[in-house]
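There's a structure below that I have some questions on.
Note that the chains are named A, B and C in the order they appear, and that numbering of residues resets to 1 at the start of each chain.
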Amino acid sequence: MSMAADTTRVERPPAPPKPWTRTRIIGWLLVAFWALAGLGFVIYLYNAWNIDLVQKYGPRYWSGLKTTIVLVGLSLLAGALLSVPVALARLSRNPVVNGIAYAYVYFFRGTPLLAQAFLVYYGIGQFSAELKAIGLWGFFRDAWNCAFFAFTLNTAAYQAEILRGAIQSVPKGQWEGADALGIRRWYTFLRIILPQALIVALRPYGNEIILMIKGSAIVAIITVYDLMGETRRAYSRTFDFQTYLWAAVIYLLIVETLRNIWDLIEKRLTRHLKR
Amino acid sequence: MDKVAILLSWGDQGWADEIASGVVVTVALALATLPFGMLLGFFIALAKQSREPSLRLAANIYTTIFRGLPELLTLFLVYFGVQIGLTQALKAIGFSEGIEVNSFAAGMFALGVVFSSYASEVFLSAFRGIPQGQYEGGFAVGLSSGQTMRLVVLPQLIRIALPGLANLWLVLLKDTALVSVVGLSDILRQTGIAARVSKEAFLFYGIACLLYLVLAMISSIGISAIERRAARGNAR
Amino acid sequence: MSFSTRFKLGLATAAIALAMGAAHAEDRMKLKIGTEGAYPPFNNLEADGTLTGFDVDIAKALCDEMKADCEFVTQDWDGIIPALQAGKFDAIIASMSITDERKEKVDFTNKYYNTPPAIVAPKDTDIKGVTKEDLAGKVIGVQGSTTHSNYAEATYTDSDVKLYPTADEYKLDLVNGRLDAVNDDIIVLKEFLATPEGACCKVVGTIKPDPKIHGEGAGIAVRKGETELAEKFNKAIDAIRANGKYKEINDKYFDFDAYGG
């Protein structure tokens, strides 16, 4: 394709006029559609602006948003801790250890989060007498704890797979090189393998955070009123469709902000890999 | 144990028949969504790799929205929003006839747009995996650009995209559970009703999870069969 | 997407029906009735997939009276009014209390029953009454988007009020021991107490209905402006009250007149 290398200075010809090809027309039509949709959206929200509604439900949305962020944040952290042993078990050559970890990961990745939440909340609730006997009922009695528990188990399964894939992506030579230098294996893992693996895992981790934020929208069904739950509550009181639109705006803002922050982090951490 | 056997029996006493109908709804919804979502995703991928910036912009707006919204919210927006919008639009142009978006159609549409925005990414990276020479070769033997796409690029594209699409299919199967919230009688709704009425929550929600696992396993078997078939031409 | 257009009662058709007079009365009206199916003994979905309950029987009697062919549609409670507005059905017969808040969105018929709310708690409870003070610090379960949830959230501000999508779910949690008390219609709660699971619990007391919150009893909701249909329902309610059909259904479920004073 390239033919520029040997030519001496040649004047660049003027850009040919862009013809209105079919794709271009379709493209502009679609852009116009989005522009109109966006405009309609803004006009609708402007006209529907109702200070009573905002005063009444604004604080509720705020508390719902806090619930979402705290719940997802803590679940992700706890899941990250739990995912390390699971990932190591998945990498283990012991068939029993590996099998158990595989079953765990398969179960939580193969079933809907909603079903898992129900199973934990109502299913475990059925055994309240037994749980009381072993002193765990105090934890499972609370809906928030149940949601936290279900979310943690769920995200740990996904994070374990991310971590496992990332660790396996580090070339074997890194292990061998460290071995040759006489570095102990756990030290090799911690200081040589893991940092390289985490860079590979960065993008999937970012996706997992976003998936959890979106997935957490189901939690109101087990009586934890997060952003989505407050939205549904506001809608069922007012039947005003803007309640859902505001939720959409908030979720989009969170996800886009996170995505951009994550891009920045990734750029910064992979500086040394740029050529 | 007798009690469990009755609860899981077929017929008026037990819940097996209701749950079986739930499985049918879940599978039907996922199967109906798949072609719709794939086709839409393919066109969005085409738009995203187009040289026309306006087309790329439009496609990017689409995927940003539907990948950023929680699936449950998308479902509500479609279920209530499209309904209200359509009814009002029809009223505005003088139709008094009601129009009804049923929950199956709403679920299919909502899951389809979500599926398509993820599928477009899969297709896009598959497009990038096809060397420019394939297009040039197609043109060189006198195929039109449509024919080149259909006969040369598409068969390879599907093979490259298969693992990604298979993954999205498994996600789709799980996402269908959300339609239970808008009243479609899928696996989770039927087991949920059984759990509440019989007060055997662990049993029935456990069954729901197992059914989803079984569907995932059957899918995996099907997917690897398709992958083997698709890889035939690649055998060395 | 598959859309199905559907016959809808409109002013135009009503006008035609009037113009054609009695001859047209033979043409049976088609109605879709929305209900919840998770609120025994008023409306409940059985294991064999059929709907039963007081609401359902009343609805059938009203349809007979109005010479209408009725079809039932089940819909989750928190989406039941939007679904009515969206045209998924033409009327809600699901023990919906007639409240001012709801009247802004839908039109109601006259009430077809009116019973007081109550508080139920485990048998070993230390809750003595139904006031705010009695329930302070307790966890109370109610179904969301109901008059009971509005009342509980407004009244029991020192308690932890938890909202459930259906009545069945708070019952599950009451049995499991997550809840100290629940608040709902006395009839619904008594029905629950009569089941084996309900043996755990007892009625602590009934709540004096607050007309501002609890409204004036349960009515049938129709889309705003469809007064014609609401009137037809009203006439039918009066008719079954008069001809003994209502009493027949009432006695099947209750040992007192649910219509109230």
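Keep in mind that, in the parts below, a residue touches a chain if its C-beta (ideal position, glycine included) is under 8 Å from a C-beta of that chain, and two chains touch if they have at least 3 such contacts.
Because the structure is predicted, anything quoted here is derived from the model rather than measured.
Visitor: Going by the touch criterion at the top, tell me which pair is linked by more C-beta contacts: B-C or A-B.
Guide: Of B-C and A-B, it is A-B that has more C-beta pairs in contact.
Visitor: Quick check for the class: compute each chain's Cα centroid; which one is farthest from the centroid of subunit C?
Guide: A
Visitor: Using mean CA coordinates as chain centres, what's the gap between subunit A and subunit C in Å?
Guide: Chain centroid spacing, subunit A to subunit C, equals 40 Å.
Visitor: Based only on mean CA positions, could you tell me how far subunit B sits from subunit C in angstrom?
Guide: 36
Visitor: So the centre of each chain is just the mean of its C-alpha atoms; given that, what is the distance between subunit A and subunit B in Å?
Guide: Roughly 19 Å, centre to centre.
Visitor: Identify all positions of subunit C at which a residue touches two or more other chains, and write them in rising order.
Guide: Touching at least two other chains: 79, 82, 85, 169, 172.
Visitor: Which residues belonging to subunit B are in contact with no fewer than two other chains?
Guide: Expected reply: 80, 84, 181, 195, 199, 201.
Visitor: Which positions in subunit A are in touch with at least two other chains?
Guide: Subunit A, residues with two or more chain partners: 122, 125-126, 221, 232, 235.
Visitor: What part of subunit C is in contact with subunit A in the complex they form?
Guide: By the definition above, subunit C touches subunit A via 78-79, 81-82, 85, 101, 105, 144-145, 162-165, 169, 172-173, 176-178.
Visitor: Over in the complex, which subunit A residues touch subunit C? Could you list them?
Guide: 122, 125-126, 128, 132, 137, 141, 143, 221, 223, 225, 232-233, 235-237, 239
Visitor: Which stretch or stretches of subunit A touch subunit B in the complex?
Guide: 1, 21, 23-24, 26-28, 30-31, 33-34, 106-107, 110-116, 118-119, 122-127, 210, 213-218, 221, 228, 231-232, 235, 241, 244-245, 247-248, 251-252, 255-256
Visitor: Which part of subunit B faces subunit C closely enough to touch in the complex?
Guide: For subunit B paired with subunit C, touching residues are 11-15, 17-18, 79-80, 83-84, 86-87, 96-102, 104-105, 108-109, 181-183, 193-197, 199, 201.
Visitor: Show me the residue ranges of subunit B that touch subunit A in the complex, using the header's touch definition.
Guide: So the residues of subunit B touching subunit A come out as 47, 50, 52-59, 61-62, 64-65, 67-73, 76-77, 80-81, 84, 132, 170, 174-178, 180-181, 188, 192, 195, 199-202, 205-206, 208-209, 212-213, 216-217.
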